[in-house]
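In what follows, chain A forms one complex with chain B and a second complex with chain C.
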Partner chain A sequence: MAIEGIAKTALLGVEMGMTLVLVTVGLTLIFGMMDVINFAHGSLYMLGAYFGLTVVTVTGNWWAALLVAPLLVGLLGGLIEYLSIRPLYGRNPLYHILLTFGFAIMLHGLVTEIWGGQVQNIATPSLLEGSVDLVLFSYPLFRLFLLGVSIAVTAALWVAMRRSDFGIVMRASAHDSEMVDALGTDVKRVFTAVFVLGSILAGLAGVLLGTSRAVDPGMAASIIIQAFAIVVIGGLGSYRGAVVGAFVVGMLNAFGPTFAPQFTDALLYLLMAAVLLVKPAGLFGTPEGA
Partner chain B sequence: MPSERMSDEKRSVQFSRRKFLAGSGATVAASLAGCFGSAGSSGSDSVKIGFVLPFSGTYSFLGESIVNGVKLRLDEQLDGEIDGRTVEYVRKDTGADPATGASITQEFLQSENVDFIVGPVSSAVAGAMKPEIASSGSAIWLNANAGNFKLVQDNCTKYHFRTSFNTWQTSAPLASYINDNIADNVVLSYANYTFGQQSKNLFREEFEKVGGSVVDEIGAPLGTSDYSSFLQEIENSGADAVFSFFAGSDAVNYIKQFSSFGLNEKMTQTGSGFLLSADTLQAQGTAALGMYSLLHYTPTKQTDRNQAFVDAYSSQYDTTPNVYACQGYDSALAAELAVTEAGGTETDPMVSSLAGAELDSPRGYFKFKSSTHDPVMDMDIRQVVEADGGVQNEVVETLTQVEGPTWGCNL
Partner chain C sequence: MSVKDIVGRHFSARQQTDVLSGRVRVGLFVAGVVAVLFAPFAQAVHPFWMDLATHMFIFALFALSLDFVFGYAGLLSFGHAAMFGAGGYATALLIQNATTSALVVLPMAVLVGAAVAALIGWLSVSARGIYFAMLTLAFAQLFYTVVFNDIPAMLLGLEAVTNGDNGLVGITALTLFGVDTGSLMAYYYLSLAMLGGMLALVTRLANSPFGRVMQAIRENEDRVAFIGYDVDRYKIVAFTISGGMAGLAGGLWVPFNSTATTAMLHWTTSGELIVMTLLGGMGTLWGPIAGAFLVVFLEDSLSAIGNWEIYLGIVYIVIVIFAPRGLAGIFRTVRSNPDPRVLLSKARSALATYREKVFS
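What follows is the complex of A and B.
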């Protein structure tokens, strides 16, 4: 394989991985904070794409969709958390699994009812069409934009969690929510905020990927399976794990078809099995799991 | 989707119990039939059609389109009657599960006494339905989408009439056109499952027969959302053209990404018609410009017959028909012809009237081949061109009366 080929594949891997982070971070934050395994996360991603589609159709402006659709998804996520997940905190995690599972099925039906089952796509904004010459090879501009946005969001979140007051409360709540509550912070509001944040990120990913990929009611299922695998590899609840896991899986997706074309489907699960054998809590997971 | 998997499991447990009961019922019914002569279908003044189609999941859109096509003919154009007999429908959802398809079929044949079975969408489901229909012999099977050629190759049954296409027809006939007009070397890319593999293999065989060479083959898992690294392999092959099989959202992802990486400037994309069909083109947009594909139905085909169908369908359903709707419509035409010619709904006389019969299909020439009951039909080679507010397929050449092999079937 020539050097250009390797360089291009590596960039593809970074890009695919970093884009996945937008989805996996929400999933892992929500689990890390509230012990909720959110099966509806893929559906929130799908809604981001469909809201984006409608905003683009109505306003003709892709940038408006990029702003509005994630906020709408965040609002919906907030409502879901406030009305249905909140009453179940502290119960057996199975309740959350069944609840969010139910939401995933309902949202799938709702989307098919409203937007139809046919395949659609958000048109690429003209500003981001075309390719950029990167000396060794050329690369689609929109994908570079995707990569840029993903890196910026990941870095901003990282800094916010380390440095901001809210980040400190978040990490403290994840560690011991009762103590944070006793110290005068309303943990329930922190939980809602985290759920809204996760939903906004999923919605953002939906608009971005709904532009470079097909939008159809099956997109929720295809992303959630991969996202869960990544989160398990990285360690459930770990931010760093979600980022590293997504990065590793991105590389796997990029180099897989070159080196193991017949096994691309299986590679992800083989990796997951291997990680679980060596480190049952995932790469960055805490063994006790609470 | 995990949710679907779980509910399918539940469903199949339920159905297997029902299947057992239905099975024992069948044995009793069959022995009684032996005593009283004809097993008989439903009441003499009605025609009953059973839809065995997906109404949920990935393929629900295809299922709905087929039903729309059938009802356009029977309910709207014939006022719900064939030859003085009232048309009745039953429908059940197969999802994508073969076992469910088989048990619905059994139920329709034995307790609903249907005269026609219309469906399924998936070839895997069709494979599971076939033994039920072949052994029952009490209904005509109008296969409105499942293209697997092996349905005809292995134990072909006279009750099976394909109102759709077979895998050979939507791939192989494009080979000589490509070799003559586009390139003598291709790379193959395909969704790595039965249908994709068959299309790729049948095309390859024909392309090599007409003197072309296949440089490489690249299979991507069904449901891949990012094809970029597969596209790099395609580019590295150095071929002048690509022949592909992808459908639905896979086709949209593949084509969009093919062009965003600039491969459309280096090689000519061709493929089976599902790659660039009416239901994906809008999402593919300008990324699909200039690409070639082969299919038996093109909504933009400029014939009076097709125009009449498109107008009727559009005014009824507020959307342009796709290939699945045409297959549904042709299933209705077949049912109409069978009942009218046979003067009733007795299965064997209907089989005789359909074998070798011609239908006035919107797709163009259409005949059920006597030896296989597969269609003999016109196939369109289309190229994607710009149109008002988007892109559309333009027929560049029509291959007339395309038959294909019989795979040893001789009915």
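What follows is the complex of A and C.
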């Protein structure tokens, strides 16, 4: 493989990894705080794509979709948390897997019913059409935009978690929610807020990836399983783990098809199983109960 | 956290009596007789009903296999598709290359399913709760990609073994004592017999000392370990038995459909199985069978009025929130409270609890 090819594939890997971060961060934050494994997270991502598709079709404005679709998904995520996950807090965490899987089934049916089963596409906004010459190779402008947005969101979230009051409450709740509750913060409200935040990010990823790739009812099932692998590899509940895990998987997805097309997916699950066996808390997680 | 609450409080609340009480056994016996008499009736009226019923029996057997580990040992497996697919592919390959005799093929499907389960179980049982679920998911997906990319063919230097995404097609019917089971009615009875036999076997196992230890592990595995039982070994054995049953279900499924496809191995199959088990009521044996019947029935009958997954999803979500013991739990409550006023007040208090948890 020539140097141009390697550089281009590496950039593709970074792009894939960073966009996956948008999906995995919500998943890992939700787990870290509430011990909830959210099987519906991939479905929220899918809904972001479909909402975006409809907004673009109706208004013809892609930027409106970028703004509206994630907010709608956030609202829906909030409702799901409020009406169905909330009553289950205190039960065995396995129940959340079981419950959210129900949402995954229902939303898959709903999306197929409303938008049909065929593969669709969100039209790229004219402002971001075309390619950019990057000396060694040219790269689609939209995908660079995608990369930029993902990095910006990841970094902003990182700073917010470290510096803002809400970020501090979030991290404290992940550490010991009972104590935070005792100190006068309504932890349940924090949970809902985090769930909404995670849903918004998933919806954002849906619009972006729905534009650069495709929109179809199978997108939820394929992203959620990758996101699980990433979150497990990085460490359930760890923000840094989710970012590093997504980066690793992005690279694997980019270089795999060239070097070992048959083993790319197998490697992902092998890695996931190996991490669970050797270090169940993941590369960056803290052991359960600590 | 113990797995106790997920399995339902009725087990700890009532005296530890035999699994499947006398009345339920009578009910199952009656259901079995009805099922035996149903086939000639369906043959005369609407033969498709037999097709649907056979589909139900096979998935009921599959759900039974999950209930054995999930309901009894408290192990939430998110990888049962691996054993289902392993049994199915073993059956397809045997029929294509060796023999169609059910007496050879089905035991092999059991063995292959059990072997895969033993391996996954051996590697996974030390993990608990969601980590066990995630591990079984990872291994099952690994298995899926191996079949999907036909890695066996690559390793063996053959042209095709699993035939990748296309799957194995044109699988002929099994023969039993020289009789072809290709007819709908023959396969109906074969599947029914397998389901009945396995239910009897699992009931015996659940009532045996081995089954008691499994239930104890579900309730509090640390305590069982302190008493001196090798908890991991019990779990592996339970998982292996369950895998053998899942393999048998896969082995029955493939000749029924004439194909072995990668969809059998996909994680969504494991998920659907969990839905069936939970909907019916885990840890009751008959509940998951009923759950499988219901899901297959809904899939068939609701397809006419729209996308059935929407309705299945809604029913399932409501069950998980309000009746975590599933249909079996609802049935039990109704049976023990013949007074409708008591039932109404129970439903009201459940709603009140929900409101309090949501809005407080």
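Heads up, the rule we're going with is that the second predicted complex is superposed on the first by the 286 of 290 C-alpha atoms of A that agree within 3 Å, B and C clash if a C-alpha of one lies under 4 Å from a C-alpha of the other, contacts with A are read in each partner's own complex, and residues count from 1 in each chain.
Going forward, a residue touches a chain if its C-beta (ideal position, glycine included) is under 8 Å from a C-beta of that chain, and two chains touch if they have at least 3 such contacts.
Since we're looking at a predicted model, the values are computed, not measured.
Student: Consider chain A as the common anchor and indicate whether chain B and chain C clash or fit when overlaid.
Tutor: Superposition check on chain A flags a clash between chain B and chain C.
Student: A:E113 in the overlay: touching chain B, chain C, both, or neither? Say first, second, both or neither.
Tutor: Only chain C; A:E113 stays clear of chain B.
Student: Let me test your reading of the model: by the given contact rule, A:S164 touches which partner, first (chain B), second (chain C), both or neither?
Tutor: Neither chain B nor chain C is touched by A:S164.
Student: Looking at the overlay, what does A:D265 touch: chain B (first), chain C (second), both, or neither?
Tutor: After superposition on chain A, A:D265 lies in contact with both partners, chain B and chain C.
Student: Have a look at where A:L83 lands relative to chain B and chain C in the superposition and call it first, second, both or neither.
Tutor: Once the two structures are laid over each other on A, A:L83 reaches chain C alone.
Student: Scan A:F101 for contacts with chain B and chain C and give back first, second, both or neither.
Tutor: both
Student: Once the shared chain is lined up, is A:N61 touching chain B (first), chain C (second), both, or neither of them?
Tutor: Once the two structures are laid over each other on A, A:N61 reaches no partner at all.
Student: Could you say whether A:I225 touches chain B, chain C, both of them, or neither, answering first, second, both or neither?
Tutor: After superposition on chain A, A:I225 lies in contact with both partners, chain B and chain C.
Student: Looking at the overlay, what does A:V215 touch: chain B (first), chain C (second), both, or neither?
Tutor: Once the two structures are laid over each other on A, A:V215 reaches chain B alone.
Student: Name the residues of chain A shared by its contacts with chain B and its contacts with chain C.
Tutor: Touching chain B and chain C on chain A: residues 39, 101, 104-105, 108, 112, 221, 225, 261-262, 265.
Student: Which stretch or stretches of chain A touch chain B in the complex?
Tutor: Residues of chain A touching chain B: 5, 8-9, 12, 16, 39, 101, 104-105, 108, 112, 116-121, 123, 131, 138, 140, 142-143, 209, 212-225, 253-258, 261-262, 264-265.
Student: Provide the residue numbers of chain A that touch chain C in the complex, in ascending order.
Tutor: 37, 39, 82-84, 86-89, 91-95, 97-99, 101-110, 112-113, 221, 225, 228-229, 232, 236, 261-263, 265-266, 269-270, 272-273, 276-277, 280, 288
Student: Residues of chain B touching chain A in their complex?
Tutor: 1-4, 58, 60-61, 64, 192, 218-221, 223, 225-226, 228-230, 232-233, 236, 248-253, 256-257, 260-262, 279-280, 282-285
Student: In the complex, go through chain C and note every residue touching chain A.
Tutor: 1-3, 5-6, 76, 78, 123, 127, 129-131, 133-135, 137-139, 141-142, 145-146, 148-151, 154, 267-268, 271, 274-275, 278, 306-314, 316-317, 320-321, 324, 353-354, 357-358
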